[in-house]
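Structure below; questions to follow.
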Amino acid sequence: MFGAAGRAYDRALTVFSPEGRLFQVEYALEAVRRGTLAVAVKSNEDVCLAAQIKIASPLMDIKSIDKIFQIDEHIGVAISGLHADARALINYARVQAQSFRLTYDEPVRLNMLTKAIADLMQQYQQFGGVRPWGCALFFIGIDASGTQIFTTSPSGIYRSFKAYAIGSGEATAREYLIENYKPDLPFEELVNLTLTTLKGAIDEEATKETIRMAWIKSEDKKFHMCNEQEVEESLAKLV
Amino acid sequence: MFGAAGRAYDRALTVFSPEGRLFQVEYALEAVRRGTLAVAVKSNEDVCLAAQIKIASPLMDIKSIDKIFQIDEHIGVAISGLHADARALINYARVQAQSFRLTYDEPVRLNMLTKAIADLMQQYQQFGGVRPWGCALFFIGIDASGTQIFTTSPSGIYRSFKAYAIGSGEATAREYLIENYKPDLPFEELVNLTLTTLKGAIDEEATKETIRMAWIKSEDKKFHMCNEQEVEESLAKLV
Amino acid sequence: MFGAAGRAYDRALTVFSPEGRLFQVEYALEAVRRGTLAVAVKSNEDVCLAAQIKIASPLMDIKSIDKIFQIDEHIGVAISGLHADARALINYARVQAQSFRLTYDEPVRLNMLTKAIADLMQQYQQFGGVRPWGCALFFIGIDASGTQIFTTSPSGIYRSFKAYAIGSGEATAREYLIENYKPDLPFEELVNLTLTTLKGAIDEEATKETIRMAWIKSEDKKFHMCNEQEVEESLAKLV
Amino acid sequence: MFGAAGRAYDRALTVFSPEGRLFQVEYALEAVRRGTLAVAVKSNEDVCLAAQIKIASPLMDIKSIDKIFQIDEHIGVAISGLHADARALINYARVQAQSFRLTYDEPVRLNMLTKAIADLMQQYQQFGGVRPWGCALFFIGIDASGTQIFTTSPSGIYRSFKAYAIGSGEATAREYLIENYKPDLPFEELVNLTLTTLKGAIDEEATKETIRMAWIKSEDKKFHMCNEQEVEESLAKLV
Amino acid sequence: MFGAAGRAYDRALTVFSPEGRLFQVEYALEAVRRGTLAVAVKSNEDVCLAAQIKIASPLMDIKSIDKIFQIDEHIGVAISGLHADARALINYARVQAQSFRLTYDEPVRLNMLTKAIADLMQQYQQFGGVRPWGCALFFIGIDASGTQIFTTSPSGIYRSFKAYAIGSGEATAREYLIENYKPDLPFEELVNLTLTTLKGAIDEEATKETIRMAWIKSEDKKFHMCNEQEVEESLAKLV
Amino acid sequence: MFGAAGRAYDRALTVFSPEGRLFQVEYALEAVRRGTLAVAVKSNEDVCLAAQIKIASPLMDIKSIDKIFQIDEHIGVAISGLHADARALINYARVQAQSFRLTYDEPVRLNMLTKAIADLMQQYQQFGGVRPWGCALFFIGIDASGTQIFTTSPSGIYRSFKAYAIGSGEATAREYLIENYKPDLPFEELVNLTLTTLKGAIDEEATKETIRMAWIKSEDKKFHMCNEQEVEESLAKLV
Amino acid sequence: MFGAAGRAYDRALTVFSPEGRLFQVEYALEAVRRGTLAVAVKSNEDVCLAAQIKIASPLMDIKSIDKIFQIDEHIGVAISGLHADARALINYARVQAQSFRLTYDEPVRLNMLTKAIADLMQQYQQFGGVRPWGCALFFIGIDASGTQIFTTSPSGIYRSFKAYAIGSGEATAREYLIENYKPDLPFEELVNLTLTTLKGAIDEEATKETIRMAWIKSEDKKFHMCNEQEVEESLAKLV
C-alpha cells in the first residue's frame, strides 16, 4: 500500500531499509534540490561561480540575501538547501581553513577542506540523536593543484567537477554544461558560460539584483565577490 | 487520508519528510504567526518599531505587558510567538551584546548579534531532546553600517529588511509597506508610516494603551522606548 | 475523529502541534485551574491576598494546610495546582531571594524574583525528559517599585496585575474584580474587596477555617500572615 | 471506548492528561491503598500508632515482618504499599535525621523530615527514567512543636493530621476516627481508640501476632515499639 | 480482550498498571518459580538447606552443576531462577560479606547482608534502562542472633522464615512444612524433615546425584557443603 | 493469534514475558544453533576438540577460516554463532588469561576464565542499549583440576561437561556421545570418538579441509592445533 | 502477511529476530552489493586489484572519483557501498597502520589491520544509537606472510581469499574466478585474469576512464596505483 517508505524505514536516522538505503539521507537531499540554482565552471586558469537568489519580499535588504560566501582568501562557496544549516557549516569551514593556515603556514587545499566538511556530514548520518545536514556546499577555489570545483552533500560524499550545477533546475543546467563545456575557455567565455547556463535554467529574469556572482583568477588567486555593476556588465555581454 | 503530516513525519525534531521538509520547524512558525503584530521601518537616518499588545484582562498592569525590549544602548527588539521562549532569547542576546563590548570595547554590530541568536536557533532544530524555539525576534538598531532591521525565526534563518511586519495581520501590513515604503523618509513620516501600517492591519483600536513604540535616531544612536504620551501624540498625527 | 489531540501531538513535551501549540503545557494549565481559588488586590499603599483551602478530612491538622507562603520579609505567594510541584518552586524562590540579598545587600524586587521562577518554568517546557511544572505561583509584595501582584504559569510566562484571581471559580472572581476594582482603596476596603471576591466565587462557606489571608502594608512593608482571629474579624465586616 | 486512560496518557511519567492529571502518580497511590491498614491518633501529650500485619505464611518468622520502624529516638513510621520502596525511603529518612543532628545538634523536627522525603518523592513524579515511589510513609513523633502525625504520598504531598488511617480499610477507619476522635484523650484512651479503630476496619482477628503497635509519650519523648505482651494487654482492655 | 496486561502496562519497568501493580516484577517472579526446588529448615541450634538439581544432560560434569553456594564461613545460599543473574548477585554478596569483615572485624549478620542484596534488587525495579533481577536468593546462616533463613526476591522484599521452600513444587513443600515443622528438632530430624519435604515435592527420584545439601551447626557455626556420601547416608535414613 | 512473541515481549532486551522468559536471549541462542558443529571429549588424561568449517567459497584462503582458537598455552576454544561477536569475546578471554598470569604468576584455571566471560555475557542480557552476544564459546583446557570442557552461552550461564557438542547437528552428536562415551579412553580412542561423533552428525564429507582439530595432552598440558596431515591421519583411522 | 521483516524485528540494531538474525546488518550488506564491482587476484608473488567506477556525470573530474585507495606503502583497498562510510574507515585504517609502525617499527601485517577494522565494525552492530557501517573494504597487501587479499563487511566478519569479487555483478565474477583461478600465475596473466573477470561481469564498456587498477609486486612490495596509460595497455592485452 505505501511502498517501503510506508513501512517506516524512513523515520529514523540509524535504520537501513531492506534495500540498503538510508531514507532520511535521501529526504535531506530533497531539501537541497529545492534550493535556488548555483552554477560553477572552471578552466585551467580561472573558476567562476554564479547563483540565483530568491527575493522573498521587495522589503528585504537585498544585500543581506546571502547565497555565495568567502571561506578563505582563495576559496568561496555557494549554498543550497536549509540556509541555517549551511551557515553553521560555513562557520565550521572558516575555522578549518584558518586552523590549517596556523598549523602549516600555507593556504588550505580545497580537497582537504571539503573532506573535513564531508567527514562531519558523514557522522550526522550514522549516529542517533541528530538529523543529517539539510544542505549542500558548492566550493570553488585555486590552490596548489590548480582551479577546483567541489561539492559535498548530506550523504557525506564529496566530488570534484569541471563544471556543475546544484539546486532547482539543476537537470537543465547540467545538460547545458555537458553540451557546451570546453576545458580551456578564456576568462570572459568562462563567465559567459556560467551565466548563460544559470539564465537558461531559471524561471525568473536574470538581473543584477537576482544574480550573485564570484570568481577566482589564477593571476591573483583571490576570491572576488562581484558587485552589482560587474554582474550587470557580465549579463549584458550575453547574447 | 492524512497527507504527509498524517504519516508521522511531523512528530519528531530530527526527521525529514520525504519532501525534505522539517514539519516541527514549520509548526513552530505557526506559533510566531499567532502573535500580535509588530512593524518596523527604517530610513538612512532613523528606524522606528511599533507593535500591538493584547491586554488579556483589564486587571492587568498594562506597564508589565512587554512586547518591545531594549537589548543594548543602540539595539531594541520586538517579539512574536511564545513569550517565555522569546524572553530566554532576549537574556541570551543581552549577554552576547555585553560580552562583545567587553571583548572589543565597542558596541556589537546588529548583524553579528542576530547571527549569534540564529546560530542558537539552528541548533534547536537539528538536535534531539529539545524543540525548536517557538518565537521570532524582530531587531532594530543603528551601528557602524547604519540603520538596521533584522529578523530571526525558528528555522535559524535571519534576514535584513528595509521595512517589515511580523505576527497576526502580517500579510496586510507587508502589502501596505510594499506600496508605501520610500527609502528616505524624514523622521516624522517614518513614524507615521510605521503606525499607519500597524493601525491598518489590526482589528482592535490603536490607542496609547494598546500600542508600544520605540525608535532610534542617528543623532544620538540611542534606543528610545516611547512613553504613553509620545505614542498618543504620534497616533494623533495620523490622518 | 479525535481532533488534533487525538493525533498524538499532545503526548510529548518537545512537539509542536500543526497549529503551533504545545498541548502538554496547556494540559498542565488544567492542573492549575483545578486548584482552589486565590484572590489578590492591591492599592498604591497596600496589597492583600486571600485564598480558599480545601479541608479534605476533618482529621487534618488545619494549620498544616498550606496555601499561602512567605518567601521573604516583603514577599508572599499563594499556590494553585499540584501542591508538591509548587513546594519545590517555593524552595527555589526562597533561595533566589536570599541569594539576591547576599549579593546586592537589598531585598529582591518582585519582578526579578518572578522572572527567575518563570525562566525555570520555561526550560521545563522546552527540554525532553521532564514534564512542565503543574502549578501557578501568585505573588504579592512591596518593593522599590511599590505594591506588586505577579503570577507565573507552566508556560513560563509571568504577568503583573492590579487585582487577579487564579483557580477553580477564577472566571466569576475576575469578572467581579473588573466591575468593582478601584485603584486607591483604603486598606479596609481593599481587604473587603479581596474577601468579597473570594467569597462570591466559591461554593463552600467562607469561615476562619476555610480562608487563609495575608497582607503587606506600605507602613512596614512586611508580609503579614493573618491568624484565624484576623480572618474572622475581616469576614465579619463583610455585609 | 477506553476513556482517557485508554488513550495512553497513563503510560509515561512525564505526560499530563488533557484534564491535567498524572495517571502514573494516581496508579502508584493504588499500590498504597492495597497495603495493610495503619492507624495513628495523637493527643496533646501522646501519640499512638498501630498497624495490621499480613502473615503470608505460618512458616514466616513473625518478628521479621516489619510494618512499623523507628527513624530516630523521637520519630517512628508505619509504611503502606510496596515494601521495598518504603524500605529505601526509610534508609533515606534515617540518614536525614542523623544528618540534622550532626548539623544542628538537636533532634530533627518531624515536619522538616517529612518535607525532605516528600521533596524526593516530588522529583520521582516529574523526571523521566524512573517511576514514582509506590508507597506512603505514616510518621509519628514528638518534637518542639508537640505531638505530630504526618503522611507523605507518591504525589510528593505531605500533610499533618490529628488522627488518620492509611491502607486497605482506610475509609471505614477514617469514618470511625471522625466520629470518635477527641483532642485531649488520656493515654490509655488514646491507645484504646487507636486499636478499636484498627480492629473495626480489618477482616482478620486482631491478636498480638497480627497487630504491631508503637507510641511516644511526652514524659520521655522516646519512640517505644510495643512487645507482644503490651499489644496483648492493650487489646484485652478493649471492650 | 487481553486484560490489563494486554493494554501494555507490562512492557516497561517504570510503569504502574492502573491497579498499582508492576507487571515486569511479577513476570520476573515467574522466572523464579520455574527454577528447581530448594528447602530450608532451622532449629534453634542448626539449619539445613537441600535442593534438587536438574541434570540437563548425562554428559554434564555433575560437580559443576551449582545450586548451593557458600557466601562466607557462616552463610550459604541456594538460588532459584535465572542462573546467570543469581551468580552476579552471589558475587555481590561475597564482596559485601568480606567488606563487612574488614570494616567491623566480625562476621556479617545475615539480615544485614540480605538487606544489602534486597536494596540492590529494589533499585532494578524502579529505574529505567535495566530489567529486574530474574532470581531469588535463599540464605541460611548462623550469626549473633542465632540460626537464620532469609529469602529475597525480584521485588526487593526480603523475609525471614523458620522453614521455607522456593521453586517448582514450592506449594506442596510449603504445605508439608506447615504440617510437620516443629521448632526444636534435634539435628538428625532437622535433616530428615528437610529431605523428606524436598523428596515429596519433586517428580524425579532423590539420589546423591540429584540432591545437593548443606548445613550449619551451632557447635562450629561453619557452613558445611555435604559431599555425595553424606547426601546418600542422609537419604538412606528416610523411611 | 501470534502467541506471546506476537505480543511484543520479544523486541526489547530488558523485558520479561509473562512467563518469565527473556525472548531476546532465546533468539540469540538460535544464532548459536545455526553455527557449524563442534565436538569435544575428555578423558582423565587428555581432551580433544574437533569442528566442522564451512567453506563458503572455493576462493577462500582455507587457512583463514577460523573455528578453533588458542586462548592461552593450556586453553583452546571453538566458537559457534556470530563470528564477529565471538572474536570480540576471544580478545577478552586472552586478555583475562594474561592478566591472571601477571597477577598470580600461574596459568588461569579454566572455570575462572569461563566465569569471567559468562559474567560479561550476563550483563549484556540485563542492561538496555545493547543486544546479547550472539555466540557460544566451547572451551577445552588442562589446569590444576585436570582436563576440562566448558561452555558459555548468551544467557550468561556456563557449564562443565565430560563430552559435548554445539551447533547445527548438536542433537545427533549429543545422543551419540551419551551412548558411546567412556570416562577413561586412551588418547587414540578419544580422538576417534571425537571425530566419529562429528562425522556422523554433519551432512558434508569430513576431510582434512573441512575439519579443524585440536587437543591437549596431560604429558605437556599444551594446546596443540592439528595441521592438515594430522587431521587426515586421524580421519584415516576411523572405520 | 509481511514475513518476519514485517513483524518489526528489522527496525532496530539491537534486536534479534526469532531466527537469530540481525536484519539491520543484512540490510547494510545490501548497500554493499549495490556498489560497483571490484576484483582482486593474487599469486604467490604478486597481487592485483581492479575496480569499475561509475561516472555519474561527464562533468565530473574523473581523477576525483575514488574507488581504490592506498593505506600504507604495502597495502591498498577498494571500497564498496556507502562511499562516505568507507572514507571514514579508510581514515581509521591509515591511522592504525601508522600507529603500528610507530609502536613496532615495522609495517603492519594485513590480517592485523583488517582485524582492527572488523572489530570496529562489530561494535557498530551490537550497540544502540548508531547504525552498522554500510560498506565493505577489500584489501590487498604484501607482508611477512606473503601476498594477501582480505575483505571485511558490516557484520564485523573478515576473511582472506586467493581471488575475490565484491559489488554489483559479484556472482558472475566469482564464478569466473572459480573456474579460471590458478595459484601460480605469472604477473601478466594475473593482471589479465583480474581485468578479464571484471570486464566480463560489468554492463558498461571497460576503458581507461571507467577502470581503476592497482597492484603490489613482491620485487618491491610497494602498492602501485596504475595511471590511465597502464590501465589502457593492460586492457589492450586482453583478447
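A, B, C, D, E, F and G label the chains in the order they appear, each numbered from 1.
Assume a residue touches a chain if its C-beta (ideal position, glycine included) is under 8 Å from a C-beta of that chain, and two chains touch if they have at least 3 such contacts.
Treat the numbers as computed from the prediction; the structure is a model and nothing was measured.
Colleague: If we look at subunit C and subunit F, which chains touch each of them?
Modeller: none
Colleague: How many links in the shortest chain of touching chains run from subunit B to subunit G?
Modeller: Counted as steps through touching chains, the separation is 2.
Colleague: Report the inter-centroid distance (CA atoms only) between subunit F and subunit G in whole Å.
Modeller: 31
Colleague: State, to the nearest whole Å, the distance from the C-alpha centre of subunit A to the C-alpha centre of subunit C.
Modeller: The computed centroid separation for subunit A versus subunit C comes out at 56 Å.
Colleague: Could you say which residues in subunit F touch two or more other chains, in rising order?
Modeller: If we look for residues of subunit F contacting two or more partner chains, we find 12-13, 128-129.
Colleague: Using the touch definition from the top, list the residues of subunit A that touch subunit G in their complex.
Modeller: 7-9, 12-22, 111, 115, 118-119, 121-123, 125-129, 149, 155-157, 159-164, 174, 177-178, 181
Colleague: Touching residues of subunit A toward subunit B in the complex: what are they?
Modeller: Within the complex, subunit A contacts subunit B at residues 5-6, 10-13, 23-24, 27-34, 57-61, 63-65, 81-85, 87-88, 91, 128-134.
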